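Working notes for the structure below.
Letters A, B, C, D and E name the chains as they come in the text, with residue numbers starting at 1 for each one.
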Amino acid sequence: MLRYVIRRILLAIPTLIGVLLLTFFLFFGLKNPEVIARQNLGKNPTQAQIQQWLADHGYDKPLAEQLKRSTVDMLLFNFGQSDTTGEEIKERIKKGAGPSLTIQAIIFATGLTIAILIAVLVAYFRGTYVDRFGTLLTVVLISIVYVTYIIGLQYYLGKRLQYGPVWGFNREAGLAKFILIPVVIGVVAGIGASIRLYRTFLLDEINQDYVRTARAKGVPEGTVLLRHVLKNAMIPILTTTVATIPTLILGGLLLENFFGIPGLGGYLIDAITNLDFAVVRAMVFLGTLLTLIGYILTDIAYALVDPRVRLE
Amino acid sequence: MSAGDKTGGANPWELSANGDRPAVRGGSAGTGEVVLSVRNLRKEFPIRKGILGKKAFKVAVEDVSFDIGAGKTLALVGESGSGKSTVGLMLLGLLPVTSGEISFLGRPLSDRSAAERRELRRKMQVVFQDPYASLNARMTVRQALTEGMAVHRLGTPAEREAKAAALLKQVGLAESALDRYPHEFSGGQRQRIAIARALSVDPQFIVLDEPTSALDVSVQSQVLNLLRRLQRERGLTYLFITHNLAVVEYLADEVCVMEAGRIVERGTVDEIFDTPQEAYTRRLLSSIPSLDPSTRRLVGAGTR
Amino acid sequence: MSFFQSDFFLNLVPCCVVALLLFAIWRAGKQPLWAEAYRRLRRNKVAIFALVIIGLYGTLALLESLGTTDKASQTRITLLDRIAQKTGALAVQERYYSAPLATMTTGEANPQPLKAPGQHLLGTDGVGNDVLLQTLKGARTAFLIGGGTLLISTPLALLFGLMAGYYGKWQDDLIQYIYGVLASIPTILLLIALILVLGRGPVQICVALGITSWVGLCRLTRGETLKHRDREYVRGAKALGVSDFGILTRHILPNLLPVVIISLTLGFSGLVLQESILAYLGLGVGGNIGSWGNMIDAARDELAREPVIWWNLTSASVALFILVLAFNFLGDALRDAIDPRLRS
Amino acid sequence: MASENAPLLQVKNLRTYFNTPRGTAKAVDGVSFTLERGKTLAIVGESGCGKSMTALSILQLVPEPAGYIEDGRILFEGRDLLDLTWEQMRAVRGKDIAMIFQEPMTSLNPVYTIGYQIREAMLIHGKEAGAAQARALDLLRRVGLSDPEQALRQYPHELSGGMRQRVMIAIALANRPKVLIADEPTTALDVTVQAQILALIRELQEETGMSVLLITHDLGIVAEVADDVCVMYAGQVVESAPTRDLFHDPQHPYTKGLFASLPARNRRGQDLATLEGVVPDSTNWPKACRFAPRCPFRWQECDTIPPIPNPPASDRPVRCHLYNPAIPGRPDASTVRKEEEARGLAVLPSHDDAPAPASQKDAEVGR
Amino acid sequence: MQSGPAADPSATGFRRRAARFRAAVVVTSVAVVLAAIAGAGCSNSPYTPQEMQGKVQFRTIGADPKSLDPSFSYTVDEALIVDLIYPTFYKYHYLKRDPFVLELNLGAKEPVKTAWPVTIKEKDGKTRTVQGERYSFTLKNDLRFQDDPCFPDGKGRHITAKDVVYSFKRMADPSVQCPVAPYFADKIVGWPEYSEAFEKAKEKNYDKEMEGVQLDPKDPYTFHVILNQPYPQLRYLMAMHFTAPQAREAVEYYKDEYPRHPVGCGPYYLSDYQPKQRLVLTVNPNRHKDVYPSIGMPGDAEAGLLADAGKQLPLTEKIVFNIIRESTSSWNLFTQGYLDAAGVNNNNFQQVFTASNALSPELEKKGVSLRKETEMCVYYFAFNMNDPVYGGLSEKNKKLRQAISLSINADEYIQLLKQGNASPAEWVLPPGVFGYDPSFQNPYRRFDPQLTRAKKLLAEAGYPDGVDPKTGEKLTLYYDNTATNAAGRQSVGIVSRMIERLGIKVVSRPSLPDQFQAKLLKGQHQFIFYGWYADYPDPENFVFLLYGPNKRPGPNSANYANPEYDRLFEQMRAMDDGPAREEVIRKMRAVSVEDCAWIPVIHNVAVSLTYDWVKNVKAHPLASDAAQYRNIDVDLRQSRQRAWNKPNFVPLVVLAAIIVVGSLPAVAVVRQRVNRRVRRADAGGEGDDS
C-alpha cells in the first residue's frame, strides 16, 4: 500500500512539471510584462519607472531566471509578491486558505453524502415516480447557472427568510452561521450533476451478475443496494468526485465574493480585475496542486475500496 | 494416413527434439505442398513492474513450430490462456512477433518488402469467434465485402459488386442482403458474412479463430458445413483454433495441442484422439463429456 | 486576428453550426442505424420537444447572424431586427429601464411615459432596449461560443484521441501526458489564465474554452478507440489489408460517433453555461455583443436596486435555462436512443 | 405440510413475460416439469429458448420491472412459491433453493472477500457469526480449495475461474439447500475445469441428497450428469424424458435435429444435419407449433393446430403432431424414417465410433 | 421444514446489524437537519455580540484598500481609513462651510510666511536669484505615535518635525509614486535634484537633507518649506494625508507590508485587518486630544449636530469597515440594519427613491435618512486635441466639437445614469470652489431636442447630417472607455445614443483600465469620459486640467493647449482670491468654452443613506475624517436589528411537509414491494411494474 502511494505521488511529478512549464509559457512567453507594469504603475509611468518596476518584480531577468522563478520557486511555495499590491502572495494565501478550505471541504463532504444518499434512494425506487421526479429534478438543477443559484438563494434564504448572515465570516461570531447559506448554495448547485452521475453508476452496478448472486442468496433489497451495489459504485463515484474539485474552485470564486468569505476565491477575482499575473500564476499552481493531491487521494481511496487495485 | 506412419525426419528441427519438444507423429507436411510453416515462434508481452517500469516479460507463446499443407486443416487446440489465439494473430501480422520465423508459400515473411508482404497478407484471411463483434456495425454488407477488394485494387468497382453478390450466394445468403447492416442478421448469418468477407480477396489460407464457439449447435453445423464445402471447392487451407474437441475431431486433419504457450503434442486426428501420448492431452480428452448417458466418464474424474 | 474578430467571421460560426446540425440530421436520416435511433427518439416526446426548442434557438441564432448593413444608419440590421421592426414594440428603444408591460419607465427619479407603453413583454433594460429582443439575440452568442468552441475542440480531440487510442506507445504516452497536464489545472483557473493572456473577445473565449474542453472528449475518444482497436472487426479489416487511415476513418470513427455526439450535445450546454460565468467574472464576450452572460452580469447591480430590476436576470436565466435544459434532455434521449443498453 | 413422497419441486404451466419496446416477449410460455428429490433434472435448449428465464422465475429473480411472471404454479414441497410475499420469498432464496450462475468471473462481488460472501449467505438466514465462519471454512474445504483459510481472506479476482465457480457452489450450499439451480455452470470454463465442476456437483449431490436443476445447452453435459431431461424450444418444453431414453430415442424433430447437428468423429467427411432458419422472435412466436417453420416434417396442420404436450402415440411428453394420431395429414412412419435418413437424423453422434468408410473417401476427395 | 419458508425467526444477527445501520442513517440525517435549524436559529448578524453592544460603527468599503501608505494612497475609500490614522497639520472644520475652514490640527500655531531669496541654477550653468517664500510650520509638542512593534518596547514615540520632513522626502522618492508629488516638484527648492538622486542611488539615503524642506536648528517641532514661487495652495496640501507625520521606523520595519501596516497618531489605529473581510479601527490611546466643535453653521444645532459639543473625540470606540465587493450583499446587509450607512460611492444605493426623488416610504419607516451633497468634482467628455479629425484649434473642428457638445443632454444623462442626483456642469469649476459662477451658462451645453443648432454647426464643420462628403460615409467617433461591466456598458450605450442623433456613428472601444491608460498616454484615444475630484478647494486644482504643459502624461487628458489660456493660468495661479482672480478665471473660461476640448457634463451629488441611530452626520466634500465625529445610539440599533432579523421558518416547515407528503407514496411502494405476492394476477396495483 505504501509503495502504491509513493508510486502515485511520483507519477504526479511529471504532470506538475508540465503544468509549471505551461504556465511559464503562458505568462512569460505570451504576455508582455511591460503591459503589466504600466497597469500597476497608476496613471502615467515614465519609462524609468517601468524599468524600475520590472526590476522590482523580477520581470527584467533573463528567461532562464524567469523559468526558475516560475518553476523551482513555485515548488518551494515562493510565490513572490503581488504585482498590484506588492503583498507577499504566500502570506495572503495562508490567510485565505483556511476559510476557503473550510467552506469547500464542508460543501464537498455534505454534497457527496447527500448526493450518494439521494442517488441510492432514487436507485432503490428506480422505475417509480420517485425516480422520474428525481431525474427530472437533477436535469433542471444542472441547467441553472451557478450565478443564478447564488443570487437567488442569497436573496431568498438570506434576505427574505433570514436563515443566516448574507455576508461575513467572523470567527469570533461563530463560523457555523456564516457557513450555512454558502454551504446550502454550494451543495444545491453541485448536487444535480452528482446525483445524475451516481444514479447511472448505481444502475450500472445493479445489473451486474454479482447483484443477482446476492439476491439469490436472499439478501434483502435495501442491503443489496447499500452493501453490494453502493460499495462497487463507489469506485466510479470516487473517480468523478475529483472532477468536481475544479467546480468547487469555481464555486469558491463566486460564493466567496458574494458572502464576503475572505478566502482565495475573492483574492483571485481581485487578481483578475487588477490583472495581477503573479497572483493568478500562484493560484493556477495551487489549484493544480490541489487537483493532483485530489487525484492521489482518490487513487488511495480507490485502492481502499477496490481490492483489485490494492493488490496490483 | 495410418497412425503408425512416422515421418518425423522431414523437418530438421524435429531431429534435435529434446524434452521440451512436442511429441510429434505423422503430419502431412512431408507429403503435400506446405502453405504455411512456422518455426520457433515466440511472443513476449511486456509487463511493467516497479515505479519506473523495470521491464519484465510474460511469455505467451514459446517455441511453436508447425507446417500446414495445402488444402489441409490444422487444428490448434488448447484451453484459455494457452496462447493459441496469440499464434493466430501473429500469423496474420496483427501482433508483432518477438522471435521466430513464419514462412508463407515457401517464403519467409520477414525478408519481404512491405508491398510483397501486403500481397501475401491478402492471401491469409481470418474469421473470428464473435459474430457480433467481427463485423463493423456501421458498414453495410456490401461495403464490408468490397472493402478488401478495393484496398487491393482487385477488379473494377462493378466487378467488385458482382463478386460481392456471388460471394453472398456462395455462403448461402440472398443478394438482397447486400445493403443491409450486420445487426439485421442472426449470429450464424453474420458468421457467414464474415467468411464471405474473408473470401473476398481470394485467400489461400484462413485462420479460423474459434469461428463456431459462440454459436448454437444447430447454427454451428451450418457454418461447419460451409467451411468444409469451401475448402473442397477452393482448396483452402485452414488453421482452426478452437477449444471444442468435438469440432476438431469432425473437421481437422491434424491437431496441435497447446498448453501454456507450447505445443505439447502434435499428430493426426486419429493419432491424437486414439492414442494420446501426453498426460495433458489425455486429460483434455477425458474431459469431453460423452454423448452416451450409459458411459458416464466425468463422475469421479476427481476434484482434489 | 482581425478577420477572426470581424462580424463576418463571428456570424459565420453560428451559421456553420446550424448548417452542420442540419447536415448531420439529413445524413442520419439516410443511415439505417441512425434511422433506428431516430425512430426511438421520435417516440420520446421530451426529446422531440427539446429538438424543437433547440431548432427555435438555432433559427434565432441564424436570423441574428444574417443581416445587411443599412445604408442610412450604417449599422448592421439583422433579419431578427427586421422581424422585430415589423412587430412594432420589440424594436422600439425606450429611454430607460421599464418593467414588463409597464407604461412608464422604472427606477428613474421621474418616470417618463414609454413610447410603446404596455408592449414590452419582458420590459426594457438600462439603455431602453426591449429585453425580449435582447434575450432572443443572445441565442446567437450562445451558438457562437458553444459552436465555435466545439468546432475548435472536436477535431482536435478526435484526432488526438484516435491517435492515442489506436497507436498506443509513445503517441499515447505523449497525448495522455498533454491532456493529463491540462486536466490537472482546474478548468476555471485555466480559462482565466488563458483569457487574461489571450485577451478578451469571442474568439479568444472560444479558443480558451476549446483548450479546456477538448480534454474530456479526447479522453473519451481514446478510451473508445482503445475498446474498438482490439475488436474483431478491426482486426478483420487489418487482415484485409486496410490501411491505418482507412481503419481509423471508415471503421473506428463511425463507431465512435454515437458517443461523441452524446458527449457533444451535453458539452454544448456546459459551454453556454461557462460563457455566462466568464461574463460574470468580467471575462466575457465583451460589451459589443449581446449575451445572456452579460445580462446576468448586469443583474448583480440591478438586484441591489429598489425596486429590484429582476426581469433582465430572469429573462436571460430562463432563456439560458431552457436551452441548456433542452440540450440536456436531448443528450439523455440520444443516449437512450443510440445506446439502448444504457437504458435503465 | 408436504408429504415425503410428493415431488420436491413442481413447475406447472409457468409463464414469464417481458415488456419490450416491440411488444410482450413470452420468454417462458407454459413450462411444466417436475424435479424429484435427490435427482438431477436438466433443462436443455439453445440460446433464446427461455431456459435461463425458467430458472430465474423459480427464484423470482426475473429482471424487473420489464419481466414478470404472468401465470403458473411453482410448487415447492407442495406450497406455491408464487403465493408467497416478497419477503417470504426472500427467506426461501439461498436457504431452500440456491442458485449458481454461468459467469464465475462476474458473479462474485469484487469488493468483498470470499469469506464475507459465504458468511453473508448464512448470516442472512440467521446463523450466528462464529458458526458461519466455521462452516465457511468447511465449505471451502468441501468444494476443493487447496488453502481454505487463505481463500477466506482472498478477493474474487485472486482466484481463477474454476476456483470462483467452486466458491459460488460453496455459497449456494451454505444453507444446505434442498434444490440447487445451476444455470450453465460450466459454459465459461475450460473443458478440464468443466469436468471437475460437474463431478463436484455430482459428488455433493450424492452427499447431501439435494436435487439439482441443471440449465445447459450442452447435450454432452446432460448425458454426463442428468437423470431427466427437458428439451426447451421457444419458451416451451418440447420433449422430456429420462436421460437415457432421450439419448437413445429422441422423438421430437427438434431434439433429433439437435443430435444430428453435433459434430462428431463418426460424422467426419459428411455434412452435418442442419436446422435451417433461426429461433423465431419471442414477441411473435408462431401461432401453432413453434418449431414448424424449421421442421423437416412440417405439414399444413402444423401451422394451424397447436400440438398438445402429451400426445397419445408417445410414451413421453413430446410436443409434436407426429405422435398424435388425431391430427390429420400426418405422414406415415416410413416416410418419416426415410426423411430422417436423408437428413442424417438417424445416426447418433459418437466420439468413439471409428470413422465410417464413406467419410474417409470423402476426406480424400477433399485433399 | 416445520414452519414453512415464510417465517424466518432466527434471522437475528444480520438483521440487527442492518437495523442498527439504518438507525444510524436516520439519526445522522436528523442531526444534520437539527444542526441546520440550530445554525439558522442563531442570529444572522455578521458581528460578535460584543461588537453589537459596543459603540461601534459598521461601515462598508467596496474593495480591499490597495494601500494605506499615506504617501501613496489616493482613493476615496482609502482616505476614509488613512485620514483617521494619519492626522495632518491642518484639518477642515467638521461643520463649517462656505467657505471651508482649515483649522490647526497637529499644528501648534499658524505657519509663518517670509519672503526668501532662492538661487536657481539654469540649464546653461548660470545661476539667478528669484524671490521665493519660506513657510515655517510648528507642530504641537505632545504628539505621540500609536503603540506598535516597530518602536522600541512597542510604545509609540514622540513626534517631532523630523517626521513630517520624512514624509516630504518620501513624496520626493520616485519609487513611492506619490500622486501629488508633481504639485511640489517645480515649486519646492531642490526637489527635482533630490528626486533624481533617489532614482539614481541603489540604496536610498533618507538621511540626506532636502534643500527646500528644512528642520529648524533650534526647535525640534518646527520645520521650514522653501518655495521658488508663490504657492498659496500649500496650506491645503498640509491638510492632505501625504504631509502627515510618518515614522521612519515603521516604513523600514514593515517594508513591503507598510501599505497594510499603517502607523500613525490619529484618533484611531488599525487594530485588525482581514483581507477581503474586514478592517477594524480602534481608538488610539496615544491620540492627541481633540474635542467635538461647539460652533457650527446655522441650523446645525437644530439638526442635533451640536449635541456632542465639547466631548472628547472620537465618539465611538471602534469602526468596522466591512469589505464588500458585491453591491447586492452590502445592500442586503444594510437593509438588515447591519450597516450604519450605505456605501459612499456605490451607485446602487441611490435607487431608493419614490417618484418624486424622495426616500421611499419603506426606508423612511425604517429610520433611514437621505443625504445629498454636491461633490467637489467635475465629470466631462474630452476630445483628444491631437486627433486629426476631432482635435486641433481649427474653426472647422471646433464647430464639430461644439456640435457634439450640443448633442449631449446633461439632463437625460443625470436622469438615467444618476437618477437625478447630479447637477449639470457648465464648465470645469464645481460649486463650492472659488470662481464658480452659478449664473454662467455654457452656450454649447444648451440642449434642444431638435438639435437645430448642433446640426447647423455640424454642417458648417463640413459634415452635413454627420456624413463626410469626401467619402460619403458617416463620420465615426471612437468612444474609448473602460466599460467592461454592465453598468459601464449601459452608460456608454446611453451616451452613444445621444451623439448618434446627430448622424455621427459612435463606436465603443472598451478596454481594460491598463490598456485605457496606455492609450491615453500614447494619445491614441479620440473621445473619453473622465472625472476629477478636488484635492483642495482652490480653482487652480481644476483649471490646471486644461493647462498646456500639463498635457499627457500630466493630468490634461485632452491634450488641450491654448497659449492664451496657459498665460492666464500662470497669472491666476498665485493670485489671492478676490475680484481680480475672478476676472482672470472668467477670461480662461471664455477661451476654453469656445475651443470646446471638453464637454463638461455633471457635478456629482453624493447620496448617502444613514440610519437614525447614527448621530452627527454631516457630509464634507473634502475631509474624509468625519467618522471620528460620528456617534451611535447602540440601544436603538440593537432593538431595530432584533426586530428586523427574525428568521421565517414557515417555508422550511412547508418544505419538510412536502417531502413527507411526497414520500408517503414511496413508503407505500416499499410496503408493497415487501408484501407483494409474486403472482401478477393476485398482486394487483404494483406501482413499479408499469
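Everything below uses one rule, namely that contacts are C-beta pairs under 8 Å (C-beta built on N, C-alpha and C of every residue); 3 or more make two chains touch, one makes a residue touch a chain.
This structure is a prediction, so every number in the text was calculated from the model and none was measured.
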- Message: Please tell me whether B-C or B-D has the greater number of C-beta pairs in contact.
- Response: B-D
- Query: When the mean CA coordinate of each chain is compared with the mean CA coordinate of the whole protein, which chain is closest?
  - Reply: A
- Note on the structure: CA centroids of subunit C and subunit E: separation to the nearest Å works out as 39
- Where subunit A and subunit B are represented by their mean Cα positions, the distance between them in whole Å: 54
- List the centre-to-centre spacing of subunit B and subunit E in whole Å, with centres computed as mean CA coordinates. 84
- How far is the middle of subunit C from the middle of subunit D, if each middle is the mean of its Cα atoms, in Å? 54
- Note on the structure: Going by residue number, subunit E touches two or more other chains at 326, 328, 330, 512, 673, 688
- Tell me, which residues of subunit C touch at least two other chains? 282, 299-300, 303
- Give the residues of subunit D that touch two or more other chains, as numbers and ranges in rising order. 64-65, 91-92, 95, 120, 124-125
- Message: Quick check: in the complex, which residue numbers of subunit D touch subunit A?
- Response: 59, 61, 63-65, 90-95, 98-99, 101, 103, 106-113, 120-121, 124-125, 155, 157-158, 168, 171-172
- Note on the structure: Seen from subunit A, its contact residues with subunit E in the complex are 35-36, 38-46, 48-49, 52, 56, 81, 84-88, 92, 95-96, 117, 125, 127-130, 151, 154-155, 158-170, 172-174, 176-180, 220-223, 226, 256-263, 266-267, 269-270, 275
- Task: In the complex, go through subunit E and note every residue touching subunit C.
- Result: 326-328, 330-331, 347-349, 351-353, 355-357, 360, 362-363, 412, 415-416, 419-421, 473-474, 483-490, 492-494, 497, 505, 508, 510, 512
- Task: Sort out for me which residues of subunit A touch subunit C in the complex.
- Result: 14-16, 18-19, 22-23, 26-27, 30-31, 126-127, 139-140, 142-148, 151, 155, 200, 203, 245-246, 249-250, 253-254, 268-269, 272-273, 275, 277, 280-281, 283-284, 287-288, 290-292, 295
- Message: Residue numbers of subunit C touching subunit E in their complex, please.
- Response: 73-75, 93, 95-96, 107-111, 125-127, 200, 282, 286-288, 294-295, 297-307
